[in-house]
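The structures come next, written out as structure tokens.
In what comes next, chain A is part of two complexes: it sits with chain B in the first one and with chain C in the second one.
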Partner chain A sequence: MTAIAATYDRGARVSLAKGWIYAGLVVAMGITMLMSLTLGYKVYSLGEVWAALTANDGSETATVIAGLRLPRALIAPLAGAALGMAGVLVQTLSRNRIASPDTLGLNAGASLAVVLATVVFGVQSLVGLSLAAATGALLTSVVVFGVAAGAGGLSPLKIVLVGVTFASLAHAVVEIILTSNEAQLQQLLFWLSGAFVDRPISLFYNGLPVVLVGAALAFVLSVALDAMQADDSTAASLGVPLVAVRGLAFLAVSLLTGAAVSMAGPVAFVGLVVPHIARRLVGLRHRHQLAAAALSGAIYATLADVAARFVIYPVEAPVGAITAVVGAVALLVLLMRRLA
Partner chain B sequence: MTDIALSPRRSIARPSATVLAVAAVFVLLFLAGIGFGSTWIPLETVANVLLGGGEKTEKLVVLQLRLPRVLAAALAGGAIAYAGYLLQRITRNELASPGVLGVVDGAALGVVLFLAIFSGASNSLTVSIAWQPLAAAIGAVAAISLVFILSGRQASSAIRLLLFGIAVAAVCKALTTIFMLIGPIYQASQAARWLAGAVNTINWTEIQLMLAVLIPVGIIAGFAARHLPPADLDDISSRSIGLNLPVYRIFIFFLAALLTAGAVAFAGGVSFIGLMAPHLARLLVGRARAAGIVVSILLGAIILVGADLLIRVALAPLEVPAGTVTAVIGAPYFLYLLVRKDKTNG
Partner chain C sequence: MDDQLASRIEVKALTLSYGNDVVLDALSLPIPKGQITVLAGPNGCGKSTLLRAIRRLHAPQSGQVLLDAEDISKLNGKALGRKIGLLAQSPSAPQDMTVEELVRLGRYPHQAMLQPWSPGDDAAVAAAMAGTGVDTMKHRRIGSLSGGQLQRAWIAMVLAQETDTICLDEPVNHLDMAHQLDCLELVTKLNKEQGRTIVLVLHDLNLAARYADQLVFVAGGKVRERGAPEAMMRADLIAEVFSVNAEIITDPVHQRPICIPHRRA
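Entry: the complex of A and B
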């Protein structure tokens, strides 16, 4: 086992000690969160932010910072971290570097489930919505992997075709449901592309435990997942209970994706891009991959959220559109490299 | 290419009889699409008005209010299906279609850019709307070129084309969302509904523009299609007898992009019709070329007119974009093709 682990460590492109990498990531995450608090339509000084967060005097500045900036400065990194970890897990489970909660349709399935739960079953509570999102992601993964298995094995490229098609189906149904309920365009865009803006802070408190449970589950499975990276028979001969590990890992993916979608909608391609960054930084051991993916996912999502405020200033772009442009280009690059 | 061997069994009926039957279904659906509305107009009255008779009020309702919508659906559905037929034949890939290859989203991006750039302060266009199809065409041609350049020399590899198509479509979609927000709010909300494929707001000027693009391109494509390689010939053999040459392939891709643009420019991103219609046509008339084209066009028109009618019958008074309904039908169909294809391939 140690021998395998040692080989996996060599996957990293960066030869810094891991401690320094993590320290750098944590500092970067702190900086991006501060950027998220201070930068935007109006720029606030760090002093104003500190004052607003410690003693809310009811002034306009304090209200904007505590009521609008703080929720997104917390939700963006949490959702990014969750999607990053979910991306690592699905890429290992499908042994497929272009798999992600988006390309497998899990994001779209989760957002369809939330829309169904709200409109058809009248679910209002945030806990209920998170549960619905996780269930949607879980059901989608069962369906997508089922169809792909029916299509003659889980060929990496084929599973993406199935996932993308399923996503467009889910999007169409979301659109029909929301149009028939005379929802606003804004809400339609939200459930189709994701956003961190105008989210109540209660969503963060509600999503946090779900993400923590999902992350804990993922870390518990990390040794078994290391063994599964090679192939199933190697993993089995190392004593990994394959079925149980797969099932639990999919549960973790569903919790992480579901929590992210219930907080921010389906923010596109975060789970595709982030695992690649993480592997370059810390190599292939899942303990490190997951930790680095969580941190770099948080940084990536927060940066995208800050960028969204300036791309078409003074109007805000939906963050999902920004990550979609970056992610789609990354997908192109990955495809070209894979198929070269 | 093993895919060709999977062509569905030839139909037993004679092609000409099948073509007539499909055409009859189309005419009935077309008349029903016009007849259905706040008041039901009997089919014979509709037919009578279309042939030049009828009273003044009937004429007004049929010709000004109801015909544009149904005609636009028929034109857009037919054009996208035609494009799908050309793409499936030239790539020898039954999963290819304007939607999957990113052409639809490319055309949509072209239109949204056009609306964003040429909008005046009062939300009106600063140039003639006649340029809108050109914008769509530029977007469509750019998207399909990108897909083929990226796929490189083995552009005939099925999965490769599709994945690059999906990635290019994703880029276009994301850019579209951003540019929609740059445009004036009114046009953004219009564009959102249009993007999903809606035919309910089309007027006669737009229909004339559609016809001006689609008729010449369709005729040229009809002549060009005579040189499409037989479906059961592989790439190397068809090249050795002088068919399927690179220039010819590019020409066909170009025509398919223009047909798609002509449909998308005003009817929006109607999804999966370009995939379903040619495939169903092959089930009905086999590999016969002329019959294949005609039946593909008719089926495409039937699907979109039918989807639009379904929305008005089942979901009225809400105006759900027709493209969402075709996606709900088309996505499972694509999955079915994907699964079935591979089982046969072993």
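Entry: the complex of A and C
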């Protein structure tokens, strides 16, 4: 009886701790979003923000808050959450803690698809570009895994090598297309800069359902993904339909990455860093990994976006540069640990 | 364990090849319920493949594996996962996974999509950890465990599956002598106390003879001979199957045959 009570107590404490972690993450996300609304070249009070959002009187303050601050305060957390969840999925699928939508070339593939869709097929609509981004991410994952598998096995480093190579290739093609299509350069640079600034709010409304579908798919797969953290033989002997789960999970990754790229362009390394934070907080079960990665991804991206306004104040730094620096350091640390 | 849960497995004329290499050649083998069957044979004889085919990890070209007289190819993955557990050779999982998280994976075939984790799942995980003695280290990361502890954690994972048949592919491969005995005593306990049917692949012939109820020599993709260890441990048979000239004596402690190899035949 004592043993049962003790076990129960321990279980209860663990779930209580997770509850507090989630509560803390939600509060932190709210705070960072408020920071995003109030802080910047000009600092607004919470009262001014509230006034601008509830009753837009057409004043300059209201226009800046509702037209410029609000979109980025919504797009940054949504894109961060999407990339965080995509990172969790990619790291599990490749059984590789240094994998991410970036190191697998998915961001680059999505960007290339957006550029091709615009220049070659004349796609202009946001829906069309989102679809192109998701398709590009999906095709890239097929190509990268295909090439890595063809080169003899899906070893973690091999996948990343193929992914990084593909990413440089995609970047090169994008550069070539942009150089020869000056007319569209301005519009496309908007996509490719990897930033949350100057995004219309329609991008948020457009990206939200795609992220929700991708997240729902990921959560439905979460128990199977738990089992797929073990080797293929073990997962298969537990009864996991490996091919189906992999296929659907890559679809989820593509939707999440594609949505993030369609909203913010390729914001570097968010999907690499965030899963590590999530696992530290809540452990390895995917239900929790995904939830914590969504929240901490939202916080991380929003904080980076706020930081971008101040690192070289009064000029605004590209947020992708900030996440790239943090991500590159994290990647180096992880690589050194792996090689050690 | 409820006797009705115990199943009887029968391998019938199973042929399995990788490309042009025929690994199993119309192999037939009954696996008696409630017994320990040990598959032994030289490297590349197909014993691991046979074990994996019993859990349907390889699709055969022809032949069947029957479970309670039903072809396992007709069962879905989760249903089979509730009947036959397999501990793969050198299984792997993330180093920062905790023992408890690892053991929980064994509940996969019992969970339906979106169905919440049940008290029954908790009980199975707790029982599996207690039965293998890893309950005291359930919050430790598996990367911090010794080889013997890690193997017990993996066995707990398979136990949490609550299958009446458990297959283990070379479970004592990387373990020292003490942990080899630990592991096989644990397996024997599961067999004797819970009536689980055990199928093992073992390289060490003396361990095989000591723990097997049915010892099976696999050679050239076929069952060369099978029977009680006393009947199987014969110099002529061992010379033929393993290409080793050996002397067979009886272990004075356990009264089981032991093979003392002299030289290559």
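Annotations
The definition used in the following text is that the second predicted complex is superposed on the first by the 313 of 340 C-alpha atoms of A that agree within 3 Å, B and C clash if a C-alpha of one lies under 4 Å from a C-alpha of the other, contacts with A are read in each partner's own complex, and residues count from 1 in each chain.
Assume contacts are C-beta pairs under 8 Å (C-beta built on N, C-alpha and C of every residue); 3 or more make two chains touch, one makes a residue touch a chain.
On a predicted model such as this, the values are computed, not experimentally measured, just so you know.
Annotation: superposed three-chain arrangement on chain A; chain B versus chain C shows no clash, the two fitting side by side.
After overlaying the two complexes on the shared chain, residue contacts for A:Leu284 are found with chain C alone; chain B is out of touch.
Of the two partner chains placed around the shared chain by superposition, neither chain B nor chain C is touched by A:Ser125. In the superposition on chain A, no contact is made by A:Thr54 with either chain B or chain C.
Between the C-alpha centres of chain B and chain C, as viewed from that of chain A after superposition on chain A, lies an angle of 100 degrees, to the nearest 10. Between chain B and chain C, B contacts the larger number of chain A residues. In the superposition on chain A, A:Thr234 makes contact with chain C only, not with chain B.
Fitting both structures onto chain A leaves chain B and chain C with a minimum C-alpha separation of 17 Å.
Residues of chain C that touch chain A in their complex: 52, 55, 57, 76-82, 84-89, 91-94, 96-98, 101-102, 104-106, 108-109, 111, 113-114, 122, 126, 157, 161.
Across the complex, chain A meets chain B through its residues 147, 150-152, 157-158, 160-162, 164-166, 168-169, 171-173, 175-176, 179-180, 182, 185, 188-189, 193, 268-269, 311-312, 315, 317-318, 320-322, 324-325, 327-329, 331-332, 335-336, 339. Residues 7, 11, 95, 97, 220, 223-224, 226-227, 229-231, 233-234, 236-241, 279, 283-285 of chain A are the ones that touch chain C when the two sit in their complex.
Those residues of chain B whose C-beta lies close enough to touch chain A in the complex are 150, 159-160, 162-164, 166-168, 170-171, 173-175, 177-178, 181-182, 188-189, 192, 196, 271, 315, 318-321, 323-325, 327-328, 331-332, 334-335, 338-339, 341-343, 345-346.
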